[in-house]
Amino acid sequence: MDPTTENFKTNVRKAIADNNLSIALSKLSEGFPAQRSKAVNRLPEFEDLRDQAREIKEHVLKNLDFYLEKFESRVLESGGKVHWCRSAAEARSTILRITRAVGAKTVTKSKSMIGEEISINEHLEQHGIEPVETDLGEYIIQLRNEKPSHIIAPAIHLTMKQVANTFRKKHLHLAPERSLNKPRELLEEARDELRQKFLCADVGLTGANMLIAETGSIVLVTNEGNADLTYSLPKTHIAIASLEKIVPTLEDASTILRVLARSATGQEMSVYTTFCTGPKRSDDLDGPENFHIVIIDNGRSDMLGGEFNDMLMCIRCGACLNHCPVYKVIGGHAYGWVYSGPMGATLIPNLIGIDKSHHLAHASTLCGKCEEVCPMRIQLPRMLRSWRQLYFERHRVTSISRQLLKIWSFLATWPSLYRFVFSIIIAALVSISRKRGRFKKMPFFSKWTKNFDLPVPEGGTFIDRWNRRKQL
Amino acid sequence: MSEARDEIFAQVRAAISKNLDATLESSQSRFAEAKNRINDHPVNLVPARGRLGKKARVDLFIREAERVNATVVRVSGLSLVPREVVKFLTNNNLPMLLKVSPETSEKRIAWKNQTLLKVSEGRADGKDFSSFSLAYAGVAETGTLVVLSGRKSPTTLNFLPPCQICMVYASHILGSYEEVWARLRDSSKNDGSNVFLPRNVNWITGPSRTADIEQTILLGAHGPQRLHVVIIDD
Amino acid sequence: MSINVANEPSVGLFATCLVDLMRPSVGFATAKLIKNTGCNVIVPIEQTCCGQPAYNSGDNVGAKAIARKVILAFKNFEYIVVPSGSCASMISNHYPTLFKEDGEWLCRAKDLAKKTFELTNFLADIQNAKDFSAGYDGVVTYHDSCSSLRELQIKDQPRKLLKKIKGLELIEGIESETCCGFGGLFCVKYPEISSHIVDAKISDILSTKADTLLANDLGCLINISGKLKRRGSLIKVRHIAEVLANMTDVPPIGDGFMEKKTSCK
């Protein structure tokens, strides 16, 4: 997927004008935060678990080489194959090679953000292999040729009517007069369509929420069960994951799982949490004969141990999106690439560069709600500020706001001049509009006064008036 | 692609050592900590609700499972299972057809006593209505069933049929996930295998669900729409 | 006029640029409140801004230049009190971060940080202020500014103080902790997003049926009041210091000196 992060302002305008999106986002902002809150209140140990989850990840990142090697050796022991890929391109060609080697025509897929990141669907399609998204939300947006707008609820921006229209357009083999007026009717139709795909697929492609070093297992988390049908029915199971997904042990995975679903949707545990270890055993009655894990770097090792190390602890729960005042207004597509919300704004510049994606780091009030709800206590506001610093240092571009800021900063280090200049400005503003108390229009601030009134200064500066009083 | 592997490891090691006061000693001790963690697999914090006594555990398990839309019933012995299954299928207007896992076949459960019920065994074939399998354990903390793949327990039975019936012994309803891992590790010590996990360990917490259509919760997205748990009091 | 200052703790009042330039009465109210707890209040003339605009824009060089001035101007007090959560946090949390690689200035920044307090924090926790002769006849709802709440953990303090004001009824908004959309330069750079965020905030404020909105951050207050006025609301917006100090003669934020009464849209 090509980023449109440079068109952020246009994307935002489109998003704000989208009525359906506003309705969907207001549902999200009522639903997920309230559910999370309930779940947190039900579990007295939640805060301690967050601390432990973070400690586990901190430890892993300091020992990542050890754990990656351990994971690899366990996978090999269990009969699986491990592929190492430095870049998205390498990952794409590796996955294509594996699917071609087994003569695959259809690949069922469960939700995978890293899969989106490397654009695996497009690559498979270009080479005559049909990828079929099986997560209901992903399936819907695949039919619509759209990208996910939320990392756990990819079709959250759509109304039921929009989904129904899409099904009518794409499921042409079904009776046109059929009813698609209720969510259940839509679900039944999608379920039936995908059942055949599940049963006939040659390869199942999943992501992995965690990679467990101790046992060489991958962890898959869904509510639908689509990941389980994806890996268990075809002959070949390919899992793709970025290399920071490692956790040391089954016990550590359990700790993280306790905070994952509660943070994401407010569930105590996702419906299906699966630990897959290698291919099927020789006398298993079902399961894939081949198991491949594709481990991808694609910029993670650059983040390791540096300013953005924290971002490697993300477990993709989406809590930061659900609580972000900016995300709640603009939704996920406005961010212009695979990830969105505060985690997207922090991660994307690491993957595609800050030059293309600087808006994402700036379009934040730094309110800190994201860090407050992050199960891993990731310091998102600190990193957003770091991106702003890096961008400021790299760019000598002089926009008007940057000029004004320079003038302000300069005056702020010269108190007497500051006082002189602003006394004049204030006196002028006061004389224009003291009675009304506010301005409906203001030069340089016209974008703001389009929506807001600006108050008139009270008159005089505090420092001057205080000094005059002292002198009396 | 060992070139890629080498490069990735080189970059990872460089990034880590840049941020450590890297003496040989400290890199050895850093691996020591990680090695110990793998070998000892210490248990982290287990919430109080995962540390209850047997009776309270079973009660909690039932409450939590019902909270996530599973239905739960208790029977006093294995011989009562077929009758309970028939009752469930009848009450829910489901066909009298059941695919059972080989480990819960006639050798273990007297299905033949229910003459109206047609029972076959094996993996799911995509046409089954209801399945029956045995859970390795239950986890009281969240009303979760733990199901393992194996030569007598096909994974597909738990996912393909729209109705899943799963039995678990009350004595196998443990408090926390960690207790299940401990049990699995213990049993593997006996067969000396390095790979002590089966291909799949499935934690199942309620029937399949989705909220992808206007955030309306619907059961039976791809996995079963119904999950019926039969607890054998032992 | 107090003469003997020997036993009174010395407090440097950091007014903040918005108080200094836009609403000096908040400065006077702050000074009065601090003085009433038995402190000697001094207002260093060499103060301008805490450096937030530069810092949040990524200009660490500019921010440090301003911070050095602040550190020098305020180095000799027992306490520094600030009528703004974001500015107080800038000094107490972010100055040490700014200078983390500069040994000498890091020491100075840490020293200053230790003794810098937001106003309600100072009154409630440090001075344990109890006596307020103030009264306020109105229904008030309080907005928790993000910096106060999440960087300084200020939540109970303003409420504890408001409870002591005779006649004042406090009603909590469900979204009292939700961002108002100001975000410093954010509202200038991304005004449409900011506008929607503040609209949501205002819906919450209106649902409390309060007639007054208080907070401890002028940035938030100016932002919210600007939208309230644009929407024709009559809700009075003030800094909490004005109410605590019983200095509500000055018109609320955004109201003129001869305000005509019109109905709300």
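Per-chain residue numbering starts at 1, and chain names A, B and C are given in the order in which the chains are listed.
Definition applied: contacts are C-beta pairs under 8 Å (C-beta built on N, C-alpha and C of every residue); 3 or more make two chains touch, one makes a residue touch a chain.
Note that the structure is predicted; figures quoted are calculated from it, not measured.
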item: Longest centre-to-centre distance from chain C, chain (CA-based); value: B
item: Closest chain to global C-alpha mean, per-chain Cα centroids; value: A
item: Interchain centroid distance [CA atoms averaged], chain A/chain B, Å; value: 29
item: Chain B and chain C: spacing of chain centres that average the CA atoms, whole Å; value: 54
item: Inter-centroid spacing, chain C versus chain A (mean Cα positions, whole Å); value: 34
item: Contacts with two or more other chains, residues of chain B listed in rising order; value: none
item: Sites on chain B touched by chain A in the complex; value: 1-2, 4-5, 7-9, 11-13, 15-16, 18-20, 30-31, 33-35, 37-38, 41-45, 47-49, 64, 67-68, 102, 122-124, 126, 141-142, 144, 149-156, 158-160, 176-178, 181, 194-216, 218, 220-224
item: Interface residues, chain A side, partner chain B - complex; value: 24, 27-28, 31, 43-45, 48-49, 52, 56, 59, 61-70, 74, 77-78, 83-86, 90, 94, 134-137, 140, 153-156, 159-160, 163, 183-184, 186-187, 191, 194-195, 198-199, 213-217, 223-226, 228-229, 232-233, 243, 248-252, 254-255, 257-258, 265, 267-281, 283-287, 295, 297, 301-302, 304-306
item: Residues of chain A touching chain C in the complex; value: 9, 12-13, 16, 325-326, 328-330, 362-369, 371-372, 385, 387-393, 401-402, 405-406, 408-409, 411-413, 415, 418-419, 422, 426, 433-438, 440, 445, 447-448, 450-463, 465-467
item: Chain C residues touching chain A - in the complex, by the definition given at the top; value: 15, 17, 19-28, 31, 43, 45-49, 51, 53-60, 62-63, 65-66, 69, 146-147, 149-151, 178-179, 181-198, 200, 222-223, 225-227, 229-230, 250-251, 253-259
